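The two complexes that follow have chain A in common; it is paired with chain B in the first and with chain C in the second.
Moving on, here comes the complex of A and B:
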């Protein structure tokens, strides 16, 4: 029972990261109808940036906010400079462009910070390990029903829940949120009611990448280091989470992310032949199963319209 | 007083020019109807005025040249368009559809809420479905919603693009009655394009006939229905 509880909470904590990334995927998909293949790499770039801020002696609390700012700029710039010009031509071209951006950002990380894991005192890092947002010493845990739950896990889960609440408020109670939903629903009519759709899309990409940045920092914090391959598998899990929850549902992204984390951890823990190495396979199976049984996902809407 | 005046309005899509220099006028408090067959350029005219497609020539609204203004500036200026085929936000609730119609307004939530209630009074069927998704409404209800949404911006001029399309004649009549009432009671000016002339002619102060992107005739509804060739081609009697 303790083991089950522990594995579940660990799963929720890992799933929180997927939820953060999936939220960004969903926000972009709702805005422009595209899968942003570079989403994980945008997050990684920000994770590197936060490492850099740490090197300059900036405390993690401030550094992570700055990192999210970097994310907003990267996302907004990508939409304005890359996605918007090609989106007019074809939706498929956007997909290719985001793959290009994926490669470019990964190359850029290497060009700026080198190919090794960071922090690395061998190349002059002042930090010993990647900064964690929450206390992560060996004795930072609470015992619940005999299971040792780390403060870091609880903090990560809490972070996602708070962020979800904030996003829910923005989407449903603010003018920007109403505009974002309107553009997602019918871009032509949004123009006709006076919404600057281009500005809204820029904001959507910016917000998505800023949330992704948070996901990148938490991922690097959990791994205690950042490297060029950090986000590859996380991006796949996040895609699985968005597919499971429904690509047009922010609530689905959160639930899907947490569910993928738990499913993964429980199968890896209880099904021997899956283990840690086959975890990617589990999310792949989830994607296939969802697409076969309920293509719109748990909370997604199948597009049906009366005329 | 003239509210809207276009001079040599030209517009099209890429290399294709659809409108070849339209001179249109809508005076304050007028209902003006543009009649035309399929492909005459009715929808293009609406889009050119609302700024959603590139256009050339002059578009004056209340004496200001707006032909270079972006769509949001045009809505702010007081022109609202009901697009062809409803153009509601299918995933948004009926109430949110109305709220989004007030997007350009700077007065707070209170007066916007009052306006929402007001349109619920005018269209009681929308009130019954206020929290339903707009996509689940019938065609007639969606058209009502589209009109109410456009009016939420408190426009001086309402552009209506074939509101009768796909609707039962009775529903169309009901919609036109609402427009007429708003015109009489509040001085709302309306520019309406229609293919189906009979109902629209009844309430029109003036009528333009559009053929392949050019205005071929204009005048009062009575004048145009007195013209035999026009009556046969557009009114069918």
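Moving on, here comes the complex of A and C:
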């Protein structure tokens, strides 16, 4: 029982990261109808930036906010400079541009910070390990029903819940949120009633990348280091989460993310032949199954296609 | 647009141009393995590997419009089929090529089943997940009795012994010395043959009825279905064929390198993205696009591969790349990919087609003049039915 509880909480904690990235994917999808394949790499770039801020002696609390600022800039720039002009041509061109951005950002990380894991005393890092947002010493845990649950896990889960509440408030109670929902439901009509759709879309991409940046920092904090391949599998898990929850539902992204985390951790823990290596296989099966059986996901709206 | 020369397709000038291109290609193909340096032969063989893989992706993505980011998995199926059969069951390496072809075909058809319902960017997501799963699947501890787990498999290559015949032609030896001293030209030729086979298959498919239905599916699948294209069968065939062709260069890489691990770059998602980059840079939806793309890609990657220290970079490029801690190749192609979407979505071949008109315009034959034999045969068939 303790083991089950522990694995579930660990799963929720891992799933929180997926939820953060999935939220970004969903916000972008709602705004412009594109799947951003560079989302994980945008988050990784911000995670590297936060490492750099740490090297300059900036405390993690401020560094993470600055990192989210970097994320906002990257996301907004990508939308304005790359995605928007290309989107007039074809959806395939946007796909290629996001793939190009994926490769460019990954290369840029390596070009600026080198190919090795960071922090690394070999290249003169001052930090011992990647800064964690929450206390992560060995004795930082609470015992609930006999299960040892780290403060880090609880903090990560809490972070996602708080962020979801904030986003819910922004989407449903502010002018910007109303504009975003209007653009998502019908961009042309939104334009006709005087909403600056271009600004809204820029903000959508910026906010999405900023949330993704937070996800990247938490991922790197959990792994205690940042490297070029850090976000590949996390991106797949996040996409599985967004697929499961429905690509146009922020609530679905959070629920989907937490669910994917728990499913993965429980199958890897209890089903002996899955093991740690085939965790990504579980995500693959979830993606295929959801797209085949219910393409709109758990909370998404079914798309009606007109010929 | 005014052009300097205007020639007729099928005329003497057009044939002379084709012959000139063919002669240059043939001369290059003979010069590289016999007179080129060892490293040049290596680079060309790697380029052939990439060409064949990008050609197979082009059939699926460029012509049928089905996005796949999982071609590294099909490539890997070829690699591991060869490696396993050679080391575990003692097959001769080249006999495993047909097996890899068939196996990848079956897997490709299986992948096409969900692709019947999943479209566009969602298909990209599913295939991306497939590409991510494949190396993990190979490293899976339940399969390590077969695949060797994370350690991989050694000694998968062709065994060169002193008893091999040398196949000399009047003392001239274009495929190198097969007694184990100089075998690089040999792999060059194997790579060239694989590219030729893949190219001919692609050409055969594209110029046929199936090829036209592929383009119809790409441009408007609903309209294609209404016009009588059998979507499930056509998609299944093209998926299977594309996967099978991608397995061939995979097998070659296992034979050539002699060791196989699941973390080799071309077997991970990075490989899929490399194939995609080559295809798009060269020109999606054209037969020569991937070939030119792979040649350009391998040339630039090779040239810039050592540019990790500022001193190693030629002075002209030092201000641009001196700050970079890694080789600039990947970044250059990422930028090229994005820029091409703005200026030339059909890649280098598209650019050439657009601008070569200024130099020389090839006037195609009037429609209907090429099918004389069919037209001549048709009335006879009608007469037969009349008399019957």
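To be clear about the criterion, the second predicted complex is superposed on the first by the 303 of 307 C-alpha atoms of A that agree within 3 Å, B and C clash if a C-alpha of one lies under 4 Å from a C-alpha of the other, contacts with A are read in each partner's own complex, and residues count from 1 in each chain.
Convention: a contact is a pair of C-beta atoms (placed from the backbone, for glycine too) under 8 Å apart; a residue touches a chain by one contact, two chains touch by 3 or more.
Everything numeric here is computed off the predicted structure, so don't read it as measured data.
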Of the partners chain B and chain C, which touch A:283 in the superposed model: first, second, both, neither? second
Using the touch criterion from the header, give the chain among chain B and chain C with more contacted residues in chain A. C
After the superposition on A, what does A:139 contact: first (chain B), second (chain C), both or neither? neither
Please indicate which partner A:37 is in contact with in the superposed arrangement: first for chain B, second for chain C, both, or neither. second
In the superposed arrangement, does A:185 touch chain B (first), chain C (second), both or neither? first
Which residues of chain A are in contact with chain B in one complex and with chain C in the other? 307
In the complex, the residues of chain A that touch chain B are 175, 178-179, 181-182, 184-186, 188-196, 301, 304-307
Give every residue of chain C touching chain A within the complex, in rising order. 65, 67, 114, 117-118, 120-122, 124-126, 128-130, 132-133, 136-137, 139-142, 222, 269, 273, 276-277, 280, 323-326, 328, 330-331, 333-335, 337-338, 341-342, 345
Interface with chain A, chain B side, in the complex: residues 50, 52, 70-72, 74-76, 80-81, 83, 85, 87-92, 96, 99-101, 103-104, 135-139, 142, 149-150, 153, 166
Could you list, by residue number, the parts of chain A that touch chain C in their complex? 34-35, 37, 82, 85-86, 89-93, 95-97, 99-104, 106-108, 110-115, 232-233, 236, 239-240, 243, 273, 275, 277-281, 283-284, 287-288, 291-292, 295, 307
